[in-house]
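Alright, structures below, take your time with them.
Okay, so chain A shows up in both of these, paired with chain B first and chain C after.
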Partner chain A sequence: MRASGAGPNPLVRFASQIWGSIFRHGLPSTDKVAARTALTNFFLHIHPVRVKKSAIRVSYTLCLGGLSFFLFILLTISGLFLMFYYIPSVDQAYQNIKDLQFVETFGLVTRNLHRWAAHGMVITVWLHMARVFYQGSYKPPREFNWAIGSILLVVTLLLSFSGYLLPWDQLAVWAITVGTNMAKYAPIGGPYTRYVMLGGRTVGQGALIRFYVLHVVALPLIGFILMVIHFWRVRKDGFTGGL
Partner chain B sequence: MGLNPYDTPRGRLHRLADMTRRQFILLMAVLASIAGSLFGGIKTLGFLFPNANLEEPLAFTADVDPEAITVGNPLQITEKRVSIIRDDGGYYAVYLICTHLGCTPNYVTNVTSGTGVTEDVAKSHGERKAAEATPNGWACPCHGSRYYIDSTNFYGPAPRPMDWVDVQFSPSGKLVVDRAKLVVQRGAGVNTKPEWRLDPKTRKDNGKTLP
Partner chain C sequence: MATVVGNGGGSGDRPGARGRATVPGRQGVTGPELATPPLVVRRREEEETVVTFPALVYREFLAASAITAFLMLVSTWVNAPLLQRANTAITPNPAKAPWYFLGLQELLERFPPVMAGVAFPTFVIVGMMLTPYIDKNPSRRPQDRKVAIVLMTIYIMLAVAFVVIGVFFRGTAFTWQWDRLLGHPGVHPGT
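== the complex of A and B ==
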């Protein structure tokens, strides 16, 4: 049902055609039109056509998964802005961070937004997992989503760990030295793991570019794909007691 | 399907043997593809292991007069993570990589302070004379491990002593440290003071490496 009521004015007809080509339905006044609107819109079709009001009641855990996703979006956007100024080079990285903090417009708030959202996401993901565990929400039919969520927790922690190196200050270098030496203690292939993480034997330029690529491309991409599956699975398995 | 009297494990094996030439070639081709993909995939992972990097060479020349290193005044080269120590037997060099998780321990002149270790125990590991006040050594800033001046660990989470690396005189009389050559490598609980030294008179080491 195209938007009706196009006037005789050709300009209005043209505008109406554009509007109608994007929004294929009129206002969802009836249940039938509402259902069709949801099904034929890319952004709406990931949502259920009908949701019980009780199912989306925000309860005392405040929709921790949703909070985690919100922080992920916030981190993606603030991280994108930081990428305009940050160069992953051992000679420039630290100075770039200082410039962001003291020179660039809104650099300080962008960096701090990224930093605190990162801490917050680790906390909310962890609490989300605890909530799912204590409420037994991992039980069938949701056991597959529990497994996906476990990988998402690891991805979150790896994102946090890889981002830790990027400011290239003393804390970063020695934290990554300690962290990769922990990996070296792994029983099978420990030293290889450390070598491939650092791209060498010491925390240097090779390690910085590796952690940067992991932090800004590889891990967010893996996280995004897993999140798509995670959310789709949530929809299919359904809500029971609110968010 | 279960009702088929021929559909038993033995029956299926029989059918496998009855495979036509075409089916056999197809099976072999599939197996070969899987094997080739696995092999290629594993070899491709080798891309992540760099064969060349820009790390500095492990051998370097210490740009100081060796005679400036005296008993009780070791030379700390923090950025190279090496300390060159002199005692009555000669020179030795300790590779300052904490054996716990790899930080660089700092040189301190009161290494036992606050650890409850008596100083006469510390002095049996140190090059300091008994008359001198406090024993020297290294304290790791990351998790607080402490080492005597002979690199023996005595406090904190470090599991074993730090390693000693090769130090030699260059033809021009400077000290050359080679961090690729470990001359003393002690396991957990080996607390005896190693005997390896570079003799300043003969300009040669005594060859007493461990292990």
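== the complex of A and C ==
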């Protein structure tokens, strides 16, 4: 729609003025309009105006980096809804999850979505790493972006792991017990590391609040900042492009 | 005919220039990628470009919609697990880490804890971050990268194998069992 295309009806003209003030350029009727739209739109600005045709072939990225990011957004949104109902207390957490499953409207599907998207993100990030490796896309000048990516992989695993404890059921508590037992074996300060992770010697209230804060604030924030840098560098270095 | 986009230091018109180029007159600098800003060499005949919007945005939208639809379907039919309320007095047998850490748990079964739980993961993470600095082979063509590809493939296959073993073949006390796949009288396979 063109901003200047004012209709005879004052109401239509008013509406089109509002529309035009939000979306400064119309739908991409020509390459020029499309380029200007991409340049002036905040959300599209993450992309360059033009890309190599070979770089956006689905067979090249397999959409994996993009899908990882999209799953991250989906997890943020579904997680936000879960937060309205979830209280990180050993006395209440399990009941909150039960309520989500059986009482709250759409609670069950929201929880399922959050869980399966989390597993999905672990898989897509892994596959994204594999595709970047096999295509040699980590070679100069992208060495450091690969390193940032490696940290993102670790953050993704930790996000998933920290969320695992929150339902406070047998699966959660024992998976975290087994997982954190591994930290005990560090030659220097192993048991201490585990104590710091759990806020105690066993998985209890101390561990729950720590994992909760890590899961809903610290790790998403770290992940988001790293993603911003990751995307910035992809944007500056350009896509590697076809082989 | 190659066209150089960006400030490549004026060395772009070498036929067949690909990736980064060294800048003449800056020989003192050892890392050419530090001396030269990212250089994009685009060959007119091969590297046709398209406008991002709508060409790429359209695909992103499709991919996002597809995965949303897929996850919604899965979430409608398959419920996330929720067992009994946590009880530190009852240890489930086997106690398993989440699947993406089962590779580690598998290693713990086979190697001394300091190696499996600490040395090995550290080695993998640090090694992964250093990969681009270790692999100095400039070529991206698969036929020039046989060693790298073989090593990575072995690593991925091992990682996947360990997860599959952990999920499907580890039963009571984390010992090897076929029950989960083949079933067992009176016991439901899978968790």
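As a working rule, the second predicted complex is superposed on the first by the 196 of 243 C-alpha atoms of A that agree within 3 Å, B and C clash if a C-alpha of one lies under 4 Å from a C-alpha of the other, contacts with A are read in each partner's own complex, and residues count from 1 in each chain.
The rule is short, and it goes like this: a residue touches a chain if its C-beta (ideal position, glycine included) is under 8 Å from a C-beta of that chain, and two chains touch if they have at least 3 such contacts.
Just so you know, these numbers come straight off a predicted model, no measurement behind them.
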item	value
Partner chain(s) touched by A:Ala147 [first = chain B, second = chain C, both, neither]	second
Partner chain in contact with A:Leu74 - chain B first, chain C second, else both or neither	second
Partner chain in contact with A:Asp31 - chain B first, chain C second, else both or neither	second
Touched partner set for A:Arg131, first chain B, second chain C, both or neither	neither
Touched partner set for A:Val122, first chain B, second chain C, both or neither	second
If touched residues of chain A are counted for chain B and for chain C, the larger one	C
Chain A positions touched by chain B in one structure and by chain C in the second	174, 177-178, 182, 202, 204
In the complex with chain C, residue positions of chain A that touch it	28, 31, 34-35, 37-38, 41, 44, 47-54, 56, 58, 63, 66-67, 70-71, 74, 90, 94, 97-98, 101, 108-109, 111-117, 119-120, 122, 130, 133-143, 146-147, 150-151, 153-154, 157, 160-161, 164, 167-175, 177-179, 182-187, 190, 202-204, 236-238, 240-241, 243
Chain C residues within the chain A interface of the complex	19-20, 33, 38, 40, 42, 46-57, 59-60, 63-64, 67-68, 71-72, 74-76, 78-88, 90-92, 95-101, 104-105, 108, 113-114, 116-118, 125, 128-133, 135, 137-142, 145, 148-149, 152, 156, 191
Residue ranges of chain B in contact with chain A within the complex	48-50, 53-55, 100-103, 141-142
Sites on chain A touched by chain B in the complex	174, 177-178, 180-182, 192, 195-196, 199-202, 204-206
